[in-house]
Amino acid sequence: MRLLLINPNTADSITALVADHAGRILGDEAEITAVTGRFGARYIASRSAAAIAAHAALDCLAEHGPGADAVLLACFGDPGLEALKEISPVPVVGMAEASCHMACLLGRRFAIVTGGERWGPMLQDFVAAQGLSGRLAAIRTVAPTGGEIAADPDGAVRLLAESCRACAGDGADVVILGGAGLAGLAEPVAEQAGIRVICSLEAGLRATVAAARLQPARTARRAPGTGTDSTGLSAALRHALTALR
Amino acid sequence: MRLLLINPNTADSITALVADHAGRILGDEAEITAVTGRFGARYIASRSAAAIAAHAALDCLAEHGPGADAVLLACFGDPGLEALKEISPVPVVGMAEASCHMACLLGRRFAIVTGGERWGPMLQDFVAAQGLSGRLAAIRTVAPTGGEIAADPDGAVRLLAESCRACAGDGADVVILGGAGLAGLAEPVAEQAGIRVICSLEAGLRATVAAARLQPARTARRAPGTGTDSTGLSAALRHALTALR
Amino acid sequence: MRLLLINPNTADSITALVADHAGRILGDEAEITAVTGRFGARYIASRSAAAIAAHAALDCLAEHGPGADAVLLACFGDPGLEALKEISPVPVVGMAEASCHMACLLGRRFAIVTGGERWGPMLQDFVAAQGLSGRLAAIRTVAPTGGEIAADPDGAVRLLAESCRACAGDGADVVILGGAGLAGLAEPVAEQAGIRVICSLEAGLRATVAAARLQPARTARRAPGTGTDSTGLSAALRHALTALR
Amino acid sequence: MRLLLINPNTADSITALVADHAGRILGDEAEITAVTGRFGARYIASRSAAAIAAHAALDCLAEHGPGADAVLLACFGDPGLEALKEISPVPVVGMAEASCHMACLLGRRFAIVTGGERWGPMLQDFVAAQGLSGRLAAIRTVAPTGGEIAADPDGAVRLLAESCRACAGDGADVVILGGAGLAGLAEPVAEQAGIRVICSLEAGLRATVAAARLQPARTARRAPGTGTDSTGLSAALRHALTALR
Amino acid sequence: MRLLLINPNTADSITALVADHAGRILGDEAEITAVTGRFGARYIASRSAAAIAAHAALDCLAEHGPGADAVLLACFGDPGLEALKEISPVPVVGMAEASCHMACLLGRRFAIVTGGERWGPMLQDFVAAQGLSGRLAAIRTVAPTGGEIAADPDGAVRLLAESCRACAGDGADVVILGGAGLAGLAEPVAEQAGIRVICSLEAGLRATVAAARLQPARTARRAPGTGTDSTGLSAALRHALTALR
Amino acid sequence: MRLLLINPNTADSITALVADHAGRILGDEAEITAVTGRFGARYIASRSAAAIAAHAALDCLAEHGPGADAVLLACFGDPGLEALKEISPVPVVGMAEASCHMACLLGRRFAIVTGGERWGPMLQDFVAAQGLSGRLAAIRTVAPTGGEIAADPDGAVRLLAESCRACAGDGADVVILGGAGLAGLAEPVAEQAGIRVICSLEAGLRATVAAARLQPARTARRAPGTGTDSTGLSAALRHALTALR
């Protein structure tokens, strides 16, 4: 299976990190291509940066999508998710989307622990748009940064475990560690926190593989419709819009 | 009052039409500047085109926003609305947003009549994100195009009046004619349909003026936060993101 | 534009206060007539007082409505709002209704700061009936009384600013100062609180003017139906019920 | 048990009808006093008439409430229900309120068959305010009038049975015949319709008796609070407001 | 009236306690038969125990139901409620179901005080399935056990009164003391707590009697459908499933 | 990976069918053990049969669960799902649960096509309990039986494709073919229907594998709590309840 990972942040280092973790998680289950947004914020941390990232993600998909069996939008918060699904003939899954739905399989109510203060209300709106507000116990937006994790891995795990325990107090059965930057920490954090903890990147990958196997390209939706002319876009994206059925 | 109208469609002709109607509606209440998206679909009619338009609207706001007292996002469906609100020091109001909330003042349940088949589920999601699903009676996406209106204005009014009557049967007290292309038709349509009908452009303009007077720039929100570096954006948009408090 | 302000409290002093503020806010935009409820509580502060006030507001509208271009129900909590809309040929807007919908244009989640302990659950039900519970961050019912504001204006502003900051902590982007008694305080309170703050009276006035312009009487709804005979009502109200189409 | 029936319609003939049916239903379980609204519409069939009826119901309760063990607000639609509960030391139950909650005990989803076109959206709002929209299958507002029932009882039963069957098609398990005018018809209608059918008057009476036994006056709520001065009300109602704790 | 009380706990002592209280509450209003689950947990305190209890309750109903005029499922949490309703020709009412709906008649928002930590989320889901989440103020799962009540009745009342006062602070108007083990304590607790308090067993009994009178067996639903063959069940239950219309 | 398939229907032939399809779908990804309910309905098609099946599924899990890495509850409608999750140290996924959440990844709104008239309202309640009512476009309960599929496979596909097309008209983007009996038909049905169609068994298997990999037993939830004594259960189930932490 060929899997396209789209990182709509413009920091290549995040893409490399995601690709590395993804390779370790999936092993030879999938051949992974990871691409980075051509324009927009280095680190998406606001509604405006996310809006630009939606365009950048479409741009990536138009350029690199052909040939992929499935696509993972690898930015927790999933900028542009519904638009990507619209133009793609193969399944596109978002990292936050997958995490929320997988969390529902593992517990009655879930919580999210992630970094970036502005992400709190953005994720609340995202979960509501998924229809899952009733199953959300809490969102906590204090998390160690990549730098802090590198400098003090044990401290980072302790801090995250504390947040996860607080989420249990909010009524959560399972906690999502949201964001590629926290990849690899779910297991040690769960160990300390005494509650189910899942990694958003792994949830995204597992769900994307499952979706791709469940819905191979040959049975994918063929919606009616007509494309529209456009201006100022990359040739690939212009083509994708025009070809929109 | 200086009012910035952002048309994120890339067809200049729509911008001119909107500006013309807006001038007639507001008279000397406001000095209007109308700008067109620099890139994206000529006519936004899909989720992917709307996602790109959100970026284009931000780009317009960063370029032309300084000096405005208020901003109207003049595309029914309001691509990028929350992102624009985030970076703007003055009120930003969306044409669909304003229409829905004004309609709530005029009736217990409202309906939307607009063109473009794909807009149906998009607007359903939009109304849900506003929290107003419980007050939405129906969305009907059959409407005459600009060309059809020009060719047969009476036929267009008859067609729209018929849709509005059907909305009354769905339980609506008031109907929104959604989209700049239907500007100017609310009054004759209401006449024939026997139900309250409002023009989305006029609703947008009235609500924007009201919001701007209610919330002058000097009392506007000053949210905490830190901007983020970016790449590949217009200088003005890059600056706006970086300056994000 | 002729604007009828209905104060369903029976304290004339509030009516005078409201009329005075309204005149200053609208200037020559509208010619204002302000009327007081003929019967009921001096200060509406309970569900029973509000139920009586709904009748009193209908009584006012039947007596003073003819000739008005729009009506503002100037009691935060809007007793009888839907009933007034039913019998009026011109738009009727409630002060709380307008505040909630205008607040939605200015922020993603709003809060209400007002006086009167019983108003808490009453306003919670009111917001739910508007369909906006999902956008309500908090209701706080501690506010200085008119007497306290007159005795110590600076202290009142400080107290309100503190409440507004607490609302920001609850997730609000914008706070409504609810009630005519708090008119004129939004700007200094916003200054101290560092969050958007709106005056419910001004929101009511701006929204009423916008609604009246958007929906002039000649295009208003003409609902079918037949009136009903009644007893023990003012002649004007009896007539209004009988004429109900 | 002394039961006060409040009919806020001002037609004495309805009160007599209700009292007569109630006596037959409860037998010697309760001593019934039935009172009629002093002012307002003869037949409540609009939001404005209902708003006035809320005041009239409060007026009745203040005048005739003392000494009662429980109160049934005997107008399907329950004008002023929450206000009556507020000033009463003993349980007040509404006929529609009781019917909806009793219907929930008897089926998963319920429907309402009643007369009066305007009652449709009013009852929809009422059910929503009860929190029971998710259990409402349908509201049908075509029902024979009192005159029609008297003239052709068999035809009336046939017509109602047909409506009830249509409600079963809408997914209802149980149907409420709403309104005192339909009292006595539930059994023959159920016979023909092949679905559970309940009489709103009987549901109101059974639930009121149950509530009164469950919650005798001596354990009733003693809420804090302070009354408020008023003007233009009956002496009894003025006293009730002032005494409001 | 013949009333069947089903206690799906397998501890006979609880059944005896329930029957004793029920006899005192209903006096000669009903002839009561109380039965105990044949298999399952002695005290139901988990989702798995409740799932087994649903089967046990069906088994009881099939064995002992014939001849009853109504059935009360006397375990707060109502395991198997919808299934029992399905196979019963006479009304089946659950103790928690009845308590929630009766509480809605007595207050705008209700709370639940009961024992057993796991019951918290189970009851939250139960209330949601009833459609009443919007009217639930709080669930508190700390309550004295039967042993503790017997050892120190005054202390038990004090502890419960404290919980009820905390519920008032959560916005509740009325509190349900949930569980047969707390039967008989509502009145002294209300006395101390200063808020309406209802006994779940009495609420269940009152509502069951009301439902049975409202909906005598001869007008009960006769749903279409065909039974299904089964294996390994009691003869009575097998017959009930096969006879399912 | 060792996967336990629990079929709570008591017809062994269904278990064999499910196991056969599952083996073909998963190949060597998992070693599958499939078990059949010891008691209850041969074909679960009512709330009462489903309530008994919940007990039977727990009984299976207690007997056969030890050693499994994950469990699929292979009856569309998932009787006892939350109870199984409670007692299992490894992930338990339901076939309907998995189908709904996977469908959400593949489309904005999903529909269900399955057999058995009574399943309609049962599944509506199930989807609501998942929190996904807002994403459900329709449930259609007309489907060919196993016998009909065997007799006329082409006709069965045509019939199902027609239902799926009707779901598209209801606004669905993706349709779930619910029930093990329809396994293997998704692809030919999608071919004819022109809409995404997924097989509930495959969705269940894919999601269970994904959940098991995401949440290996060693990081699973360890909830506090104490077991409870029981009577009349299988030794294994009695032990599972007692060991419940």
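Chains: A, B, C, D, E and F, in written order; residue numbering restarts at 1 for each.
Assume a contact is a pair of C-beta atoms (placed from the backbone, for glycine too) under 8 Å apart; a residue touches a chain by one contact, two chains touch by 3 or more.
Everything numeric in this text was worked out from a predicted model, so none of it was measured.
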{"item": "If a chain touches chain A and chain E alike, it appears here", "value": "C, F"}
{"item": "Between chain A and chain F, the fewest steps along chains that touch one another", "value": "1"}
{"item": "Residue-number overlap at the chain D/chain E interface, same or different (half cut)", "value": "same"}
{"item": "Chain of greatest Cα-centre distance to chain F", "value": "C"}
{"item": "Which of B-C and A-C has more C-beta contact pairs", "value": "B-C"}
{"item": "Chain centre separation in whole Å, for chain B relative to chain A (CA means)", "value": "30"}
{"item": "Geometric centre distance via CA averages, chain E-chain C, whole Å", "value": "44"}
{"item": "Numbers and ranges of chain E residues touching at least 2 other chains", "value": "82, 85, 108, 125, 128, 134"}
{"item": "Pairwise chain contacts, counting only pairs that touch as defined", "value": "A-B, A-C, A-E, A-F, B-C, B-D, B-F, C-D, C-E, D-E, D-F, E-F"}
{"item": "Chain F to chain A touching residues, read off their complex", "value": "82, 85, 91, 93, 97-98, 101-102, 104-108, 130-135, 173-174, 186-187, 190-191, 194-199, 202-203, 206-207, 209-211, 213-215, 219-222"}
{"item": "Residues of chain A touching chain B in the complex", "value": "10, 38-52, 54-55, 58, 80, 82-87, 117-118, 125, 128-129, 225, 228-233, 237, 240-241, 244"}
{"item": "Residue ranges of chain E touching chain C (in the complex, touch as defined)", "value": "108-109, 134, 171"}
{"item": "Parts of chain E lying in touch with chain A, wherever the complex brings them together", "value": "121, 125, 128"}
